[in-house]
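Shared chain: subunit A. Partners: subunit B in the first complex, subunit C in the second.
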Partner chain A sequence: MQITNKDLRKKPDITGFLFILPAVLVLFLLLLYPVFTSVYYSFTSKHLVRPSYKFVGFDNYIKVLSDPNFYKAFMTNIKWTVYSLAGQLLVGFTAAMALHRIKKFKSFLRTILIIPWAFPSIVIALSWKWILNGVYGFVPIMLQKLGIVSEIPQFFSNPNLVFGTLVFVNIWFGSPLIMVNILSALQSVPEDQYEAAQIDGASAWQSFCSITVPHIRNVVGLLMVLRTIWIFNSFDIIFLLTGGGPANITTTLPIYAYNIGWGIKQLGRSSAITVLLLIFLLLVCALYFKLLNKWEKEFN
Partner chain B sequence: MKKLVTLLLCLSILLSAMIMPAMADELEGEIVFWHSFSQGPRLETIQKAADDFMAANPKVKITIETFSWGDFYTKWTTGFSSGNLPDMSSALPNHVVEMIDYDAIIPMDPLIDEIGRDRFNPAPLLEMTKDGVCYAVPLYSHAQVMWYRKDLLEKYDLEVPKTWDELKVAADTITKGENGEVYGCSVPFGIGDLMATRYLNFYVRSAGETLLTEDGKANITSQAAIDGIKYWVQMYKDNSPADSINFKVLDQATLYYQGKNAFDFNSGFQIGGVEANSPQLLDYIDCAPMPKLTVDSEILGNETSNIPMVIWKNSKNPQICEAFIKFLYQDDYYIPFLHSVPVGMLSAFVDTASNPAYLANEKVQKYQHAMEVISTTMQSGTAIGMEYGPKPQAGLLTSQNVIETMFQNIIINNVDVETAAQEAEDTLNELFETLN
Partner chain C sequence: MKKRVLKRGWFSATISYTYLSILGILAAFPLVWIILSAFKSKGEITAYPTRFFPKVFSLEYFDIVLNQLKFTGNIVNSIVIAGATTLIALTISALAAYGIVRFFPRFGKALTRVLITTYMFPPILLAVPYSILMGSLGLVNTRIGLIIMYLSFSVPYAIWLLVGFFKTVPIGIEEAARVDGANKFVVFYKIVLPIVAPGIVAVAIYTFINAWNEFLYALIMTNSRELMTVSVALKSLEGQEVLDWGTMMAASTMVVLPSVIFFMLIQKKIAGGLAAGSVK
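Up next is the complex of A and B:
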């Protein structure tokens, strides 16, 4: 009997399914299981240590949403993400453009500039904590000795400086990744398009807007999605540098969730915070992807 | 022949009866021991004791894992919920209360009796006793006392302060005189540690008050607490580096170790810290009892830390743990352990203070006065919040940074002291409800 294309389409491809099964299992165990567990715990009175717990419906969500500290942490989180992302994009983009232009020592400079990204965040946090220390720190003492400031600046205790200091450290840490990605996107732009534009009498700005931007837009968009998620969820740098203080000025949602889950051991309530955080990030991602699709259609 | 067989049989039964108990007594198995003595000499003395114990008991294996106190808390709380716990561990007094509350550790009374209950200082045993059952064996103790720099007091013609007011005057004088090179009295308010709670507790206890009431409620709005908050805020503003608003225990201690803080509050661990950082200052440091409200007032309370060891309920070999703890208390191991941080770790035993082997240590001899001050302070002290016996609320009082955040709010956001104290008290009482 002859097998037609129609029959082939109808027959389920077991072999293909078996091939992807390990990946699906890994994905389920590493990604979906923790998410489902968090969602489940968010409806329970789960305690970090005590074994027994019960279903409490939306109690945890009500408690979280009626806590003014949650909104304060949420707003701090938004500010932290927007300023850090904008700074990282600006520095990363500028560095990538500069590296793309220069001819000599490109590889060497690229390697040097990627160093902050290669360091573990604990090393970065402790190094900056020491460099900016208000008693022994090299930078504050140098600023005073140079006469730039009259008193030693307190980067981690002055309420007007502490948030900016954290954002600065995060920009310093995150910019290299943006730089490397944008640089590779820049290198993929065909040179002949620039030459054609030059022959047509286009200015450097016109070439940048009409050739460079459309080519790197999708890469930048994707970077923005990824960095938004990472920065919004970032915990280590803030926790290690300030722990959310002083006076909760730098408490973001992950720090707030940690304090609830590991501090007072209310894992159920902490899970509710993480679920709310997840929902918010999914909405932001949906918005970003809509924008990315639009750009892609325009480019094509 | 029959008689011979019967005789041989009887002999073999007799021999077996003699050998069997000896075999049964032989320890066999593996235990995991978590402790927080991560510093070199302490780690080494414990390891040596474990190695010698294993050599004496070839069928026993002791695996030691060390964690800092901060990591240790996270480790055991998460380990408890996942079933990943050691057989025995060191602990902080507040941890022990929580461990008892979670029914996670076993009673230690038989072991304490075996070692000799009368040998132990009674206060630490009481601190770890609930409903007449003691759940931990004290390993060492220390108390918080006031450390000062003799050379600076001499330079500014100052007496050792006996009251809080005298301390303020002395600190002001030194800060002004040293022009930023040395701080009069740094006050640490950093979150992620209990330092601000500790400092407030010093003042409150000297007034005979407590931060926890007898029925386990927060007590931050008492007159003594309000006065204490105002006192430390003013001390911070006048005599502290601005960054000490973020200082944790090590940041604060380092300031003293490096000779940049004239007055500090700590245990005998200061000596080792100064020796490692500024050995030239070793001859100029000493300690005194905690300041009081007035010169004539009585000593009404202090802070003591009694570090014990516990055996976890899930241990499959509690008899090995007990034998090892008993082994550790032998002079050959216990005294070198105490000497690994001389004057920092004071003996859990009453009789060690007169033990020639203990007194032979050079540092113990040099800092005899400091040791006497700390030992005397220990007699009138308890852990923070344990003045009325072990309470789980004491753990939350010191671990949730409520008092630290209160101080930060007063300094950074200019919140009125009474309002901030009331908010802190309400927050703590709300947190205490999560214990139910």
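Up next is the complex of A and C:
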């Protein structure tokens, strides 16, 4: 009896299904079910501590959508995402190009550069708070000693500096992931295409545009989708560095939702905020995928 | 020689090395500074002007962290929670990744979309239903509660990474075993798993690091000091009236060093897999 490729690959019988069953259960019980209950609670007066609650219709949504702080948090969130993403892409991309260019110490430099990726968010927060501390901080004291500033800058309490500080820390943390992914995409470009372009007398810029860009475009596109979502949703860095302050300058939607849910204990209203957040992200994602599909078609 | 000509322009080597060195210093500085600060003595850490290296390497702050704050208990919590999460997540994900590659290849493309969608759920969105659910199950302030919550992000991510590794297993090897009469699970366990073992180890370490590093779920689910994970215990140090930076840096060193070292060991296997596995 001979078992062909076809038997092994194409016949999804019951045993095959058993392999993916646990993962499907996790997906339904731990991801889809909670999201649906979240939608359900967004229509109730659910409180963090009190057990009884009732159905309130669109009350939570009306409250949220008529709160000026919601719009403020939304705009802060957009600003936070755009600046962080642009910075991470710029640093990640240029670092990948530079790493791709060199030969000696490549592996060493790469290893050093990915250090931030492994940092727990609480240590990111504590280390930068310490480095930028307004009394003992290494950087502020250095800046003062070098005569760049006359007074020690307060990176976390000065309203003019705090947002930039947060974005800087986020770029520091997020660039390595972008860098290694773009680097591996760069390495997948066949060398002979460059050789051919070279023989045809193409300039470095020309071969970059016509060979490199099409090859890495999909990876960069997907990275942008994932990073946008990730940054938009990110809670830890802001919560741990500023808690949304001073005076709500750095409050993004996840922080706002946390404050409503765990600060004033209105879980129902907090759910409404997170559902709105998800709807917005779904829209952004749909748009991105449309764009990616278009790129893919153009490329092929 | 050929290569050098081809890659000319763009970034000259000198500019590349200079740029990468600056970035390298920025990337490594917080780690270096945490460690150096942790080894300073009580008077020295807040001395002005700041010295870069400690005058004497003192273990004062480590002593406080371990003996006064009983941080060891938090470390044990984190190891147990991250370890159990890794074990369960890897079992589920390895089965699923293999199942997808071998039996449901078409499902693969759809799966990427599903995974990106789950990636899109803000942790804060899941935090609300989780805290209600765990409350009604009586799992608030328990390790089991956190392990269950951690599976929600570990499993999709691990499947994503593992699918790439399972794709490299040649089907011919499996066919031979099947001819000998082994069933699917035996083939998977005895033949496929050993081949992808290095990949599985890398994904396991990555899963462990992510669970070890997690903060938000641990924050909303724990309110007793003994049950805190390292992240939340570190955060609680910051809540004290007099900020003790030396203690915080010593504790930070103990939390961040394992993450960084293990991540360095596996980065080549993990990095790139993210985008490469999903675009194809």
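Keep this in mind: the second predicted complex is superposed on the first by the 280 of 300 C-alpha atoms of A that agree within 3 Å, B and C clash if a C-alpha of one lies under 4 Å from a C-alpha of the other, contacts with A are read in each partner's own complex, and residues count from 1 in each chain.
Convention: contacts are C-beta pairs under 8 Å (C-beta built on N, C-alpha and C of every residue); 3 or more make two chains touch, one makes a residue touch a chain.
Note that the structure is a prediction, hence the values are computed from the model and not measured.
S.K.: Of the two partner chains, subunit B (first) and subunit C (second), which one does A:I14 touch, if any: first, second, both, or neither?
M.R.: Neither subunit B nor subunit C is touched by A:I14.
S.K.: Going by the contact rule set out at the top, does A:W230 touch subunit B (first), subunit C (second), both, or neither?
M.R.: Once the two structures are laid over each other on A, A:W230 reaches subunit C alone.
S.K.: Name the contact category of A:I199: first (subunit B only), second (subunit C only), both, or neither.
M.R.: A:I199 sits against neither subunit B nor subunit C.
S.K.: Once chain A of both complexes is superposed, is A:I148 in touch with subunit B (first), subunit C (second), both, or neither?
M.R.: Neither partner.
S.K.: Based on the superposed arrangement, let me know which partner A:A118 touches: subunit B (first), subunit C (second), both, or neither?
M.R.: second
S.K.: Specify the partner with more touching residues on subunit A, choosing between subunit B and subunit C.
M.R.: C
S.K.: For A:L31, using the defined touch cut-off, is the partner it touches subunit B, subunit C, both, or neither? Pick first, second, both or neither.
M.R.: second
S.K.: One more residue to check, A:A257. First (subunit B), second (subunit C), both or neither?
M.R.: second
S.K.: When the two structures are overlaid on chain A, which partner does A:R101 contact: first (subunit B), second (subunit C), both, or neither?
M.R.: The answer is second: A:R101 touches subunit C but not subunit B.
S.K.: Is A:E191 touching the first partner subunit B, the second partner subunit C, both, or neither of them?
M.R.: second
S.K.: Mind sorting out which residues of subunit A both subunit B and subunit C touch, each in its own complex?
M.R.: Comparing the two interfaces on subunit A, one with subunit B and one with subunit C, the shared residues are 48, 133, 135, 262.
S.K.: Write out the stretch or stretches of subunit B touching subunit A in their complex.
M.R.: Touching subunit A: residues 74, 77-78, 80-81, 98, 102, 189-192, 241-246, 255, 260, 396, 399-401, 404-405, 408-409, 411-413, 431, 434 of subunit B.
S.K.: How about subunit A: which of its residues touch subunit C in the complex?
M.R.: Interface residues on subunit A, with respect to subunit C: 1-3, 5, 7-9, 11-12, 15-20, 22-24, 26-27, 30-31, 33-35, 37-38, 41, 46, 48, 91, 94-95, 97-102, 105, 109-124, 126-128, 130-131, 133, 135-136, 138, 141, 145, 172, 176-177, 180-181, 183-185, 188, 191, 194-195, 198, 203-205, 208, 218-219, 222-223, 225-226, 229-230, 232-233, 235-236, 239-240, 254, 257-258, 261-262, 267, 270-271, 274-275, 277-278, 281-282, 285.
S.K.: Would you pull the subunit C residues touching subunit A in the complex into a rising list?
M.R.: 2-3, 5-11, 13, 15-17, 19-21, 23-24, 26-31, 33-34, 37, 45-46, 48-50, 91-93, 95-96, 98-100, 102-105, 114, 116-133, 148-149, 151-152, 155-156, 159, 171, 174-175, 178-179, 183-185, 188, 209, 212-216, 220, 230-232, 234-235, 238, 245, 248-249, 252, 255-256, 259-260, 262-264, 267, 271-272, 274-276, 278-279
S.K.: Show me the residue ranges of subunit A that touch subunit B in the complex, using the header's touch definition.
M.R.: 48-51, 133-135, 154, 156-159, 242-249, 262-266
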